[in-house]
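Right after this note come the structures.
There are two complexes below, and they share chain A, which is joined by chain B in the first and by chain C in the second.
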Partner chain A sequence: MAGMRSQAMHFQARAGQKLADEVLQGALRRAQPLFTAKRQKGMASLAADGLDFGHLRAAAAAIRQAVLDDLDVWLELFEARAKARGAEVLWARDGAEVSQLVVDLARRHAVRTVTKSKSMLSEEAALNAALLAAGVRPVETDLGEYIVQLADEPPSHIIAPAVHKTIAQVDALFADAHGRPRQTRHSSDIPALAREAREILRPQFLAADMGISGANFLVAETGSAVLVTNEGNGRLVTTLPRLHVVITGIEKVVPTLEDVATLLRLLPRSATGQDISNYVSLLTGTKSADESDGPDQTVFILVDNGRAGLLGSEFEPMLRCIRCGACMNHCPVYFSLGGHAYGWVYPGPMGSVLTPLLTGLDQALDLPWASTGCNQCGEVCPVDIPLPALMRGLRERQQHQQLRPRGERWARRVWGWLALRPRLYRWLTRGLVRYLHWLADGQGRIRIFGLVPGWTAGRDLPVGPGRSFHELYAARKRD
Partner chain B sequence: MSARADILARLRGAVAGSDRVTRQAAAEARLLAAARGPQPVLPPDGRLRFQQRAVAQACTVDAVAGWASVPAAVASYLETHDLGTVAVATPDLAAIDWASAGLRVACRGAVDADQVGISGCFCAIAETGTLLLLSGPQTPATVSLLPETHVTLVDSRRIVATMEDAFALLRAEHGQLPRAVNFVSGPSRTGDIEQTIVLGAHGPCRVHLILIGETV
Partner chain C sequence: MRIALYVTCLVDLMRPAIGFASLRLLALTGAEVVVPPGQTCCGQPAWSEGDRPLAAALARQAVGQLLNYDVIVVPSGSCAEHIVHTYPQLLSDEAGWRDAAQQVAGRTRELASFLAEALPPGPLPGHFAGTVTYHDSCKGLRGLGIKQAPRDLLLRVNGLNLQEMADCEACCGFGGSFSVRFAEVSTRIVDRKCAAVAASACGAVVGGDLGCLLNIEGRLRRRGDETTRVLHLAEVLAGGSGD
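On to the complex of A and B.
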């Protein structure tokens, strides 16, 4: 696969490293309650305006699903209207084609520097590496993306790319890159660091020949891109350079401006708890002859990179995703490991579903299992994607495609065979729970379980009261 | 096969449903209907709601009775914050007598050196305390973007309830969208270092609103 190399096969090994990383664990511990509190605040403000989350998310999911039902038609409508307003519309099958198109554009327009607003698709395509190889300097301008670019790391969160970094680490990166005298060290100095980034990046914004952004939505009605940001970098990147390139997935179309309004009641609230992000820009076509600002040329690159394969499958609901990050913000696995353990562009529950589907089931064997099954992600998803069910679906596929270890596959088949024979199943479980109870120590725990010692390497196996669920249930019914 | 043809063919193979002509007609009908989703229940006083939400977004808000009082209000804000007497304004505000309040205002697009930008707005949205700015020859987007301080003049009669109402007004008065429609809700900010919100990222650090017109 072209584009960013997936490291998702190394999930287990990386998980071990991340658990042992004290600095990372500290950063994650501090971040999690902030994320969840922000969304709670956002949900409270919805309720205060008489809006019901369930009602609104049903509407949002319906908008996204309606587009998927006729995705070909909506893309053609968008394309026709974007072109009618003077934009160019290009298509890319995969990350390599994205990079090729952008490098070609850069050559054709004699581009030397590029400023970028956050685009996860450019991460999929590993676009920065391709631009550097072509002699074009890409500058990430979202503060979080800028920090991870300085650190030469991929983002670890889709809306907070540097959530894994502490202020001391950011300070060290800035010291290296900017060569300015240092005064900052404490959390109270974060404004000074943000100020420093503003001062360093402003000349880059002014000098860039090409601006690259993603799009939160493409509006079919008007042929526009919708960009939702807080820092203002998205506005600078799409206003100052003479050439603006929008790189986005083919699933991002929404029909009307009214649909954008509905989705915007949920997106910022789910992501950062804001009623609305600071800047929502609706960008259409290019500047007119009598305007003093705006790009002379706007190019949309609509990217498939595996998405078409989800359409019409049981995994189609994943294409409804609006990239708010709420699923990872509420995921116990994400906050135990951080985003880098997931090994590709997208972390957390949405990444555990999307990475195997876009990069290959056999390229991310552990990800569908990186879940406690708690369904917090499904509860908070603003477009009602059944994330745990999709992860279970991927596990089933692994089983059918013989991608799990032989012993595991056999165990599952034996269990399946038993589960279809209730009397035998009950008889065996009665025996098994008694055996486990006998094995356990006084506190009802098994410290080392001889059958699967690996499972008890980092934890104890808790054991029930020595009677099977069916027995207990029957006893309770008798009472 | 071109990437476009290839991708569209794959999509057509995957979507169920009737023939393309019927599906396209249904899609176009959906565009014309412009149906709204669930709407918020907002207090009747839109001006008050707008003001409260704008303040919650870290804007500062002043109110004057009419356009004639605008230069003095701007001058007073700049003086209070020690921001001098020089500003850049969008050309649509050229008719305002800035000099009467001792201000030196250039009506043009902004450049990096400009410290204060003054603009009007197409309308304002009560639900979220948001300004809606349109780009155009008379309203360059840089004025609300490059300077550290952005002063916006808001005509009280142009406060609408929701984003949907703003779109309806935009369709009625402009037909097609200008190059950039910018919804602005307070000064730029970032939470990218340790989730700590800092005002003044890459856009303005201060957004000051002057509400013009009678309080209802």
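On to the complex of A and C.
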């Protein structure tokens, strides 16, 4: 039972497929302005509340950083407080251990059906496949997750798992799964489709023996899980079944409820532009004798899966991430390709950093390069993660470990050697600019450039007058 | 005051006119303007490719060439940002270079932001009959906070009208080696920029970074747009012939 297999090595090939997928491109084209407009609205509401994004994000980053500075302490406190409220706390080294623990729990508690609220950690673990193999039926109840489960696909976005799907595709999936004829749908039909899913899911909520959720935060002082959701499915998953399993990363712990309050000012605003999500659930312990709702048993599975290894490294700031999705929502590369091109659980800029760190530098060679360095991601990150700098750091690691192609390394070595010898560089570039000029057509443009074919595949190359600046400047000074 | 113009490798090879336009504009400040000899590349490409030793060697070379000037002006947000932000960090462990790198970084200015402060008030030499739109390049905007300076300068050009296009702050998709390594993705991103330029119906798109401009112009022409001019800010402000 391994975790989710990474396909990140196929980024280049997948990028080509995704660019050629007109349906996907249409979905992405429609989605991006909606995402950015939502965050803009969220930022406007911050300002209207007299709050400053810069100050707030410094506070949020400091909270998250302080946790990482003493992660073991906060985790031990969380474990003690959670146990004091009757919960069980289990630890998993990797995705395989997560699946094993959940399957064991399912066996021990004679579980046949599981309802799931969104959990990216369960994606890291490929938990659904493990449950199915063990004869347990997992039902995704987040609408987007339900759609991608029907399509037998992984989510393509961390907060909008089905953003790559069109309404027509969703209708076809529902028609086939729910045994009805396909219909022509418009965006005004979205509520009807949601209602259809809800009607299918309701009996599942009631029948499930186990509910599995993630957690946006773990609160050390109270031993609670904080769940930020919009659809209400999270509450049904975490309170109706007799057994509730929370699967989350060890870095999700924060010290106090007050810290949660600070982070919640930024999380929904950064993600969906909401001042506050429709539901904020604070789940603590099990159902006590005088309570009518809640699970008889609560189990936390706290997962490392490579995270602890980042502590103290230059990549530690990545662990501050609160999974809002703003970085991908503002990424020109993400919105050219969608999330599946990235090949593992996390797409966009945070995925380009996290995937190589968690699955292996040599397992995702392209991802740290899948960025123009524009820093539109870093600018919107609510916990101030320097995403382009971290991607650059990963490139440096690739160079150290000699993971780059030989041709690329030699090209840079030769260029660097010349650039450090200005006289020779000047002499050779005299030839280069003449060659470029000679290649150009009457309008000063190269249409096909054999030296750099990638450039002229989709663009002309406008070139200069056949003389370099320094050459012309020297001639002018002589006159 | 002695001003050094750091021409940048791209302007040197691909569009010398930007360098000469920058010289003419800097001369208007009344200061002595010099092009320090021996310039090749600031080393930003090596740095972003993760080649720290080469980036440091090129940084030392440039610092040595630029140390004896009061101001170093760079007609590129990207190269200026690299000198200002990366040089001090890159050479911080080298006792012989640390202070020099900090000095050069502290005196380095991107062209537009420097001109906006240093030029005497009044109209600029350029003439432009028509409407232009301005593309904010990423490193200038998000790295150095350059937003208003180029616009203020453009409005001082006779006859020029400035009209903002949609998403003027969105990346054009160039990204240095990204434009070649992921050429198709880069082309898809610049297509959005080209569409915004086209929708603005301006006669020219102006920017402060030649990399972005080559990318935008290259794609506009390939899309069949033969008329929209793609100009560096210095060319518009200085007017006249490029060389």
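Convention: the second predicted complex is superposed on the first by the 416 of 479 C-alpha atoms of A that agree within 3 Å, B and C clash if a C-alpha of one lies under 4 Å from a C-alpha of the other, contacts with A are read in each partner's own complex, and residues count from 1 in each chain.
FYI, contacts are C-beta pairs under 8 Å (C-beta built on N, C-alpha and C of every residue); 3 or more make two chains touch, one makes a residue touch a chain.
Only a predicted model underlies this, so the values are computations on that prediction, with no experimental measurement involved.
A.B. asks: Looking at chain A, does chain B or chain C touch a larger number of its residues?
C.D. replies: More residues of chain A are touched by B.
A.B. asks: Using the superposition on chain A described above, determine whether A:Ser371 touches chain B (first), chain C (second), both, or neither.
C.D. replies: So A:Ser371 only meets chain C here.
A.B. asks: Touch test for A:Ala308: chain B only (first), chain C only (second), both, or neither?
C.D. replies: In the superposition, A:Ala308 contacts chain B only.
A.B. asks: A:Val280 in the overlay: touching chain B, chain C, both, or neither? Say first, second, both or neither.
C.D. replies: Only chain B; A:Val280 stays clear of chain C.
A.B. asks: Once chain A of both complexes is superposed, is A:Ala92 in touch with chain B (first), chain C (second), both, or neither?
C.D. replies: first
A.B. asks: Applying the touch criterion given at the start, work out whether A:His470 contacts chain B, chain C, both or neither, answering first, second, both or neither.
C.D. replies: second
A.B. asks: Between chain B (first) and chain C (second), which, if any, makes contact with A:Arg459: first, second, both or neither?
C.D. replies: Second partner only.
A.B. asks: For A:Gly54, decide between first (touching chain B), second (touching chain C), both and neither.
C.D. replies: In the superposed model, A:Gly54 contacts neither chain B nor chain C.
A.B. asks: Given the complex with chain B, which residues does chain A contribute to the contact?
C.D. replies: Going by the criterion above, the answer is residues 27, 30-31, 34-35, 49-52, 55-56, 59-60, 63, 66, 68-77, 85, 90-93, 97, 141-144, 147, 160-163, 165-167, 170, 187, 190-191, 193-195, 197-198, 201-202, 205-206, 220-222, 224, 230-233, 235-236, 238-240, 250, 255-262, 264-265, 272, 275-288, 290-294, 302, 304, 308-309, 311-313.
A.B. asks: Name, in rising order, each residue of chain A that touches chain C in their complex.
C.D. replies: Residue positions touching the partner: 12, 15-16, 19, 332-333, 336-337, 369-376, 378-379, 392-399, 412-413, 416, 418-420, 422, 425, 429, 432-433, 436, 443, 445, 452, 454-465, 467-470, 472-473.
A.B. asks: Would you mind writing out the residues of chain C in touch with chain A in their complex?
C.D. replies: Those in contact with chain A are residues 7, 9, 11-17, 19-20, 35, 37-41, 43, 46-52, 54, 57-58, 61, 138-139, 142-143, 170-171, 173-190, 192, 214-215, 217-219, 221-222, 226, 230, 243.
A.B. asks: Which part of chain B faces chain A closely enough to touch in the complex?
C.D. replies: 2-4, 6-8, 10-12, 14-17, 20, 23-24, 26-28, 30-31, 34-38, 40-42, 53, 57, 108-109, 112, 127-128, 130, 135-137, 140-142, 145, 162-164, 167, 176-196, 198, 200-204
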